[in-house]
Amino acid sequence: MYPLNLSQPYPFEQWWIGAYSGEVGRELLQRRILDQPVVMYRTQAGEPVALAGLCPHRLYPLVKGRLDGDAIQCGYHGFTYDRTGRCVRIPSQDAVPSKFAVRRFPVIERAGIIWIWTGREAGAEASLLPDLESMGLGVEGWAVEQHPIATVKARYQLLIDNLLDLSHISFIHSASIPGGGAVVQLPCEISETTRSLLVQRVGKALPSNPHYRFLFPSHEGAVDQRFDTELFGPNLIRTGGPIHASDGKHPGESRLLGVTNFLHGITPESPTSVHYFVMTARNFRIDDAPIANANLRMGAMIQPEDIAVIESIESNVEQFAGTRRELSVATDDGAIRARRRLAAQIRAEGSAPA
Amino acid sequence: MYPLNLSQPYPFEQWWIGAYSGEVGRELLQRRILDQPVVMYRTQAGEPVALAGLCPHRLYPLVKGRLDGDAIQCGYHGFTYDRTGRCVRIPSQDAVPSKFAVRRFPVIERAGIIWIWTGREAGAEASLLPDLESMGLGVEGWAVEQHPIATVKARYQLLIDNLLDLSHISFIHSASIPGGGAVVQLPCEISETTRSLLVQRVGKALPSNPHYRFLFPSHEGAVDQRFDTELFGPNLIRTGGPIHASDGKHPGESRLLGVTNFLHGITPESPTSVHYFVMTARNFRIDDAPIANANLRMGAMIQPEDIAVIESIESNVEQFAGTRRELSVATDDGAIRARRRLAAQIRAEGSAPA
Amino acid sequence: MYPLNLSQPYPFEQWWIGAYSGEVGRELLQRRILDQPVVMYRTQAGEPVALAGLCPHRLYPLVKGRLDGDAIQCGYHGFTYDRTGRCVRIPSQDAVPSKFAVRRFPVIERAGIIWIWTGREAGAEASLLPDLESMGLGVEGWAVEQHPIATVKARYQLLIDNLLDLSHISFIHSASIPGGGAVVQLPCEISETTRSLLVQRVGKALPSNPHYRFLFPSHEGAVDQRFDTELFGPNLIRTGGPIHASDGKHPGESRLLGVTNFLHGITPESPTSVHYFVMTARNFRIDDAPIANANLRMGAMIQPEDIAVIESIESNVEQFAGTRRELSVATDDGAIRARRRLAAQIRAEGSAPA
């Protein structure tokens, strides 16, 4: 299945963003993840729970039932499951055979995000989460905005392709990202480690513009801006990066004005659709509401531009991608490396868990 | 195809409800039955006719044509078929080759219902109809309400499953069926004959409530109420049953207040959708309009609740039912027996008629 | 695939109407032709260009890009193609490998129509266009109305079937075509040449009616009217023809009142949908605006009637056409010959071009 030559569309041994923390409470929430309905809620003590979303009795969605304490009761015949997925009550009879159970997904709540593990339970190590603190999530000294969630009618790999080649900023986002017109001509450097793939562009001595002056009122001159793409896995990508005052010295020596990271949470909904969570994290003027609002407004411009592109491509991929030879250029190197990492990860799984 | 392990989704050698009598007149009516368009109308003498709905010349739907006396004229090139389906006129030529014909479906009108036989014509015996009089349809001393028809986006077997396990009343219909909360805990008895499968629950000494007092103003005490499901075939199911005054004696000896049967007409539209005809029949206060209206109002609450459930399940069945092992409990026994009867009926047919 | 027993649904070595001349300018226009997106525009000098509509880099539709002089720039990463389809700029790098190219479709603009050749470029001979002048297109002494384009959800062969048997006029268009009720009983003559298939009906001494008198105010008597269907290929069909004063002599000797041709441009959008271009051409009162308006109004009645028929048939064809034996009569002879010509043309191609 394009762009990978594999039948399994995504890795299962993986943490994914299931929801923002604020979405999950005592109201049941269902979200389709890796083509399976998952129902989420919090226990009375506030701990998040994620269970397979269908009652195994007659496949009625548990989201249409109700919470009974920390357990969830199916709305059709009242079968009730505790937070581990074990059936604890069948109203029409006394006995509760142990075979009645729904799958429980391991969950970690961190940095305002509920992470869900879709693989074998034994593999659900917290150490496999991305290093959230390093990008400003869930750490002192940073402000984070959680942008509205979008469910995009395109395979998640098209979103990864999009983010791994930021030269598109000069075309798709030429109006929404001030100064973005320069990106296509910046040289890019790629570095890979086991934990991440980094594509780095540095725009040097970019002329000042109203957006820079709004962010950094004390600086009126040119800036050196990083346009990074850092992939931590198919689940999370960081773009953006630091902006320095451009003082004519080496970039490494120039004065840091601030860092703005765009964090892109990517959770496949199905083989051809994806939940897209965008967050912004910055380490300057962190209590400044106008900047938070400006970030949310900028996201509200940029995100629909990217979504329109990848949904438009998705509509052509099924018909054309299989028979044409895809043509690539040097700036696709990051995306192609990302595909290779993803393909290796999927191949290593062998097969999906039952 | 779930829930049967058969490729043929329904029996063809079967009477089905094609329409309520009042729906069919001198205006053409098309309804899809067992995945075939059927066109219905009445002759000038008032007799109902059901023909295959497509002109065999170029597959234009006959419903878009017009009646010419007792014959039906195709709206595309004017080919005209009599009430037996024989072509009687081809306007562009004099000759009418005998190969031009549309299939005629045997029809019986009984109890305000137009029954259509979808099998081989020789098998269309009136004796194969359910015993309508026994349930209060088309018989003196009973009042019948025909509720609006719903076409449900779910395979008809999910509707049969639903009706064969009335324990769902305590959950899905807890607000719409007064006193229904008790049903899930009633013991049930199952009896089978060649002609029907009966699942019987008796609620004894159910406390009085406003609905019972509305139906039976002369009785203020508790009642014994039957919550039957009686399956006559895939085409018709009766639920409900008698309500007795609860006098502390054996139920058999207590005073009958009245019988309300819910008749559920089930006509597959396609392998994954079904026409759902609901009627209520009662043998008390039969000229009482407020009761008729109350029955219709109750149906207008209950039916959408069931439809929402089975449509929700249908949307999961195609993806999940094939690979999971379905889990069942004692109260599913009726539905599982119904499936067995249905599977045996389909297997006995060997294959669908041409 | 019905109605042909061939897997390839259409011929590729063929001119098709891509657009009316007035539709194509300096705004990009995309139209799906033979299941491929085609983008059209004019150079600064006004010459029409038709290119494959997807950028070969990441399959983004070129229609979402912009014109840069005579070249078209992709909106995603700025790859730019000249009017021959050759890539002339990749903004992220200096080199432009020659493999980057989009297919160019040969184009001829004639009679207010942009014709597109979908076959191998070497075969794109202007001599393979229909003889447009003979039917009043692009020639002195004739007035032409271009009716609005409709994209019909039916395979194009159903439209050809429709037009090759005008006996349907007596039923589908009995209200919209004055005098059309007589057509079904007119004898028809068929003649074939290499270049066209002609089905001819002559209505003799048709009684006068308001429409004839509106067209030919100087003539109050009966008319002899031709109801031709002339197929020039799957791309263009002429219907209508001359109307003579009916003087009791041989039709050939009677006085010609005028000719009105209906030209039906047929361009498959996909295997199951078709772009339908209707034009009217007449050789009398050619500067008369009321007649032009009357023709457009008549088209606005007739065309939706035909579209409703063939879309209704399309919805049944997939399910039923494969298993039923189609029944035909004498008046289907023209349509059946048209199918044979089409099947021979497709078979002669062997296979579609890459």
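Worth a mention:
In order of appearance the chains are A, B and C, and numbering begins at 1 in each one.
In the analysis below, contacts are C-beta pairs under 8 Å (C-beta built on N, C-alpha and C of every residue); 3 or more make two chains touch, one makes a residue touch a chain.
Owing to the predicted nature of the structure, the values given are computational and were not obtained by experimental measurement.
Although chain A and chain B carry the same sequence, what matters here is overlap: shared residue numbers make up under half of all numbers found at their interface.
Rounded to the nearest 5, the angle that brings the Cα atoms of chain A onto chain C is 120°.
Remark: chain A and chain B have CA centroids separated by 49 Å (rounded to whole angstrom).
Multi-chain contact residues, meaning those touching two or more other chains, do not occur anywhere in chain B. Against chain C, in their complex, chain A makes its touches with residues 161, 165, 167-168, 170-172, 184-185, 309, 312-313, 316-317, 319-321, 324, 326-331. Within the complex formed with chain A, the chain C residues making contact are 35, 37, 54, 56-61, 64, 74-78, 90-93, 97, 99-100.
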